[in-house]
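The structures come next, written out as structure tokens.
In the two complexes below, chain A is the common chain; its partner is chain B in one and chain C in the other.
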Partner chain A sequence: MEGITYLFLNAMTVASILMVVGLGLAIIYGLMELINFAHGEFVTIGAYTLVAADLLGGSFWMALLCAPIVGALFGILMERVLIRYLYDRPLAVILATWGVSLIIRQGIQLTFGAKGFGVSDPLVGTMSIVGVEYPVYRLFLIVTALSIMATCYLIIRYTRFGLDVRTVIQDREMAACMGINTRRINLMAFSAGSALAAIGGVLIAPLGNVLPHLGLGYLAKSFFVVIVGGVGNIAGVAAGSCLIGGLETFFNYHIPVSLSQALVLILAIVIVRYRPQGIIPK
Partner chain B sequence: MQFKVSNLCAGYGHVQVLNQVALSMDKKEILVILGRNGMGKTTLMRTIMGSCNITAGRVCIDDQELTRLQSFEIARAGIAYVPQGRRIFPKLTVKENLIVGTRSRVDGKTEIPEEVWSYFPILHDRQGQLGGTLSGGQQQQLAIARALCGNPRILLLDEPSEGIQPNLVQLLGRILLQIVKETDLAVLLVEQNLDLILQTASRYLVMEKGTILHAGGPEELKDEKKIGAFLTI
Partner chain C sequence: MKWNPIIFRFKLPPTLKQLVDERIWLVAFIGLAGLLLAYPLWADGYSLNLVRDMLIFGIVALSLDWLWGKGGMLSFGHAAFFGIGAYSMAITSINLDWGFSSLLGLFASVAIPGIIALLIGYFLIFAGVRGAYFVIVTLAIGIVSQQAAISWVSVTGGDSGLLGIPPLGFTLGDHRFQLDNSLSLYYVVLTVALLSLLFLWQLSRGLYGNLLKGIENNEKRAQSLGHNTSLHLLIVMISSAMLAGLAGGLYASCTGFVAPDLLSLMLSTEIFVWVAVGGRGTLLGPFIGAFIIMRLQQVVSSISTGLWPLVIGAIFIIIVFVFPDGILPFIRKFVVRFKLLFEKSGVKHGR
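Let's look at the complex of A and B:
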């Protein structure tokens, strides 16, 4: 019984991070239909915001507040300088964002060096939950991710910006004919998606070593999450991240990591084969 | 208010569809564009809305030039568009569809105008329902209502009678006449339904191969056979 509880909580930890990073990608991919290959680098940017805060004597909480701002600023810069010229050329976007991801990764390596940084745990100790002792930080991570999801849902469902976003997702041309500035919505969505990835980066950092290629692994996984879960809605992201995170954690218990990742990928392919619109369709 | 299209040439990519189209409208007018399929009527509307490539000519409302503006700016300048096939937002509720319609208002208001509910009472009863679950006729009413929520000066209506029962077409015609009577709206109507044309039109233009060939006023509109011939040739 204890083993199952641990397994469940570990799966929730992985799923939580995937949720936040995947939601960022879902906004960019679902709304703008852009494949952003640099999305993982925004996770890295978030993690290094924490490293920088650590080096400068700041705290984890400060980094958690700053990271979305840093991520959003990089997102705005990328959209203004590059993406906005490429909206009509989706293939060019893939190449361009891949290029950006290389630049960011190398830039970080030049600035911070290739060696990893260990970030201290902001919340030390364990807490007793449903009969097991579990690290407080991981519980904080799960709660934070769920709150972020809930906040995003409320924004999309009940605010003016949210209504505009849902309108643009359904019919971009008609949304513009209604008087919605779709390019402004694009810019806001791109910066919001980047900010979410950066928050994900800060949350991941205390769990392991922070390296310049940290985000790379999250790029593929967040694409699985969005495609398996269903493009264009928050519930899809939640379902996708629980499935991918759950499977990965479960397999990791029993088989080597690389094999378990391959299995997750195969299962994702099988699911998409039989449910091309995802678990929860648009 | 005067709406003026002059010498307009436009199309998709390098394919030119419109060739030197000219027309003008005053307030309270319902100007009908007649013509067979593929003659450029829908392209004309999409060009006015900023969705096509303009290679020459101008679109103006009073002294304001709309020619190079983006779609959302054209909408905010007072031009509302009800496209062929209605294109309401199926996953938004009726009320949300109408709120989105208010985005083009320059006063920034997001309340749905009372008149809109009174023109289309059925929408009031269905406001919490998803747009996609409405019947074809109700969706058409929603599309027109959505356009009116922005308080436009010009309404572009592309084949509103398509796929709708005859009694509803007549109702649409009555509502259009009522709106034009009560407000200063001008309507540019692309239509193939002879009854709706005869019921509502104040003038007509005939479009062929991307250009305006004939024009006619109230006198010609009394000649049902002549108008019918423009639709079938």
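Let's look at the complex of A and C:
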């Protein structure tokens, strides 16, 4: 029984990181139909914000506040300088963002060095929950991720901005005819997506080593979260990240890590084959 | 050719653009082939090996161009097929002690990537996965295959790779024939490169090329004309993977070792850049692109090794914004313009 509880909590940890990162991707992909291959690098940027804060003597909480701002600024810069010229060339967006991702990754490596940084745990200790002792930080991570999801859902569902976003997703031209500034929505969505990825990066950092190619692993995984879950809705992201995170954690218990990632990938491909619209369609 | 005589009957005369295309292509092909055939006359051993490796990477780029330029499916993990081919060669020929084991290894380096492409392609292509989705999935395949090569230490040797791959050859009776000097290896690689290039060019000039062009322009329309488009795309994907695997096998037996770098995402990225710089869909362009970019890489790396990923990233952005078509189409545009000018002025003088 205890084993199952641990398995469930570990799966929730992985799933909640995927949720935050995948949500950022889903906003950009669902709203603008852009494939952002630099999304993983925003995760790295978030993680290195924490590293920089650590080196400069700041705390985890400061980094958690700063990271979304840093991520959003990078996102705005990228949208203004590159992506807004490429809205009608989807393949070109992939290439340009991949170029940016190479530059950011190498830039971070040249600035901070290729060796990893360990970040100290901001919340030390364990807490007993449903009969098992579990690290407090991981519980904090799960709660934070869930509250971010809930906040995003509330914003999309109940605010004026959310209404505009939903209108643009449904029909871009008609939304523009109704007086919605779609270019502004694009910019805001892109920066929000980048900010979410950066928050994901800060949340991941204390769990392991921070390396320049940290975000790369999350790029493919978060795409699968979005595709498997179903493009264009928040429930799909939640379902997709629970499935991918759950499967990965479950396989990790029994087989080597790389093999389990390969298995998750194969399962994702099979799911896409038989359910191309995702688990939870729009 | 019983199966589609109509296209033969109604074959349109080629347009000026097509004529110029074919003429540039042939001139460039004959020039390059002649230059490369004669190259050993004045080259030393080191640069011969260098050009041989460039040719092998050119074959990989050719295979990606066949998939992307002709089939319309961009793979971002094409190094996976190349690396799997190289590892198949290495594992077979090191572990089997038999007269024909290196030939068997070469066979495995073609067959195993082909089978993997068949499995992946069946699930993807028949599910209607095209365009951007295809790019994402192939990217993931590239990441996973590199991780597998690093962590499956008992078979792949992990980070340090596998050493001591025997050269290509076979034993007949008491005698052993093998390719172990750089001159014969060079000519074997060059022959494979030229033959595969000519074969794919002929294929794409003819009916099959028309069909693929039709699928790329409008897949639904090709379907409604009765073509099983998914099957054709699957065939293109498998043949592309097999060609990349063959190049991997040749690379492993030429250099004698394999390492996880051969499957890396960076190599996949570079393969893409070779094709894009040379000119997508030109088949010859990828070779030219590979030569130019690898030369550039040497120059940049001699300044500082950390600089190269930055340069590649910048090349991506330049490709997107400055010349999206690549070098060969760029040249063609000039030749067509020049020809039109010439013909107009000729008409004026004639009358």
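One rule holds for everything that comes next: the second predicted complex is superposed on the first by the 282 of 282 C-alpha atoms of A that agree within 3 Å, B and C clash if a C-alpha of one lies under 4 Å from a C-alpha of the other, contacts with A are read in each partner's own complex, and residues count from 1 in each chain.
The rule is simple: a residue touches a chain if its C-beta (ideal position, glycine included) is under 8 Å from a C-beta of that chain, and two chains touch if they have at least 3 such contacts.
This structure is a prediction, so every number in the text was calculated from the model and none was measured.
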According to the stated criteria, A:Leu267 is in contact with first (chain B), second (chain C), both, or neither; which is it?
neither
If we overlay the two complexes on their shared chain A, which of chain B and chain C does A:Leu7 touch? Say first, second, both or neither.
neither
Just checking: does A:Ile35 make contact with chain B only, chain C only, both, or neither of them? Give me first, second, both or neither.
second
With both complexes superposed on chain A, which partner does A:Ile103 reach: first (chain B), second (chain C), both or neither?
second
Could you tell me if A:Phe224 is touching chain B, chain C, both of them or neither one (first, second, both, neither)?
second
Which of chain B and chain C A:Val257 touches, first, second, both or neither
second
Go through the superposed model and pick first if A:Met178 touches only chain B, second if only chain C, both, or neither.
first
On the superposed three-chain arrangement, identify whether chain B or chain C touches more chain A residues.
C
Which holds for A:Arg160: it touches chain B only (first), chain C only (second), both, or neither?
first
Chain A positions within both the chain B interface and the chain C interface are none
Residues of chain A touching chain C in the complex
35, 37, 82, 85-86, 89-92, 94-96, 98-103, 105-107, 109-110, 216-217, 219-220, 223-224, 227, 256-259, 261-262, 265, 268-270, 272-274, 276
Contacts from chain B onto chain A in the complex sit at residues 49-51, 70-72, 74-76, 81, 83, 87, 89-92, 96, 99-101, 103-105, 110, 146, 150
Within their complex, state which residues of chain A touch chain B.
160, 163-164, 166-167, 170-171, 173-183, 282
What residues on chain C touch chain A, complex-wise?
74, 76, 120, 123-124, 126-129, 131-133, 135-137, 139-141, 143-144, 147-148, 150-152, 265, 269, 276, 306, 309-310, 312-317, 319-321, 324
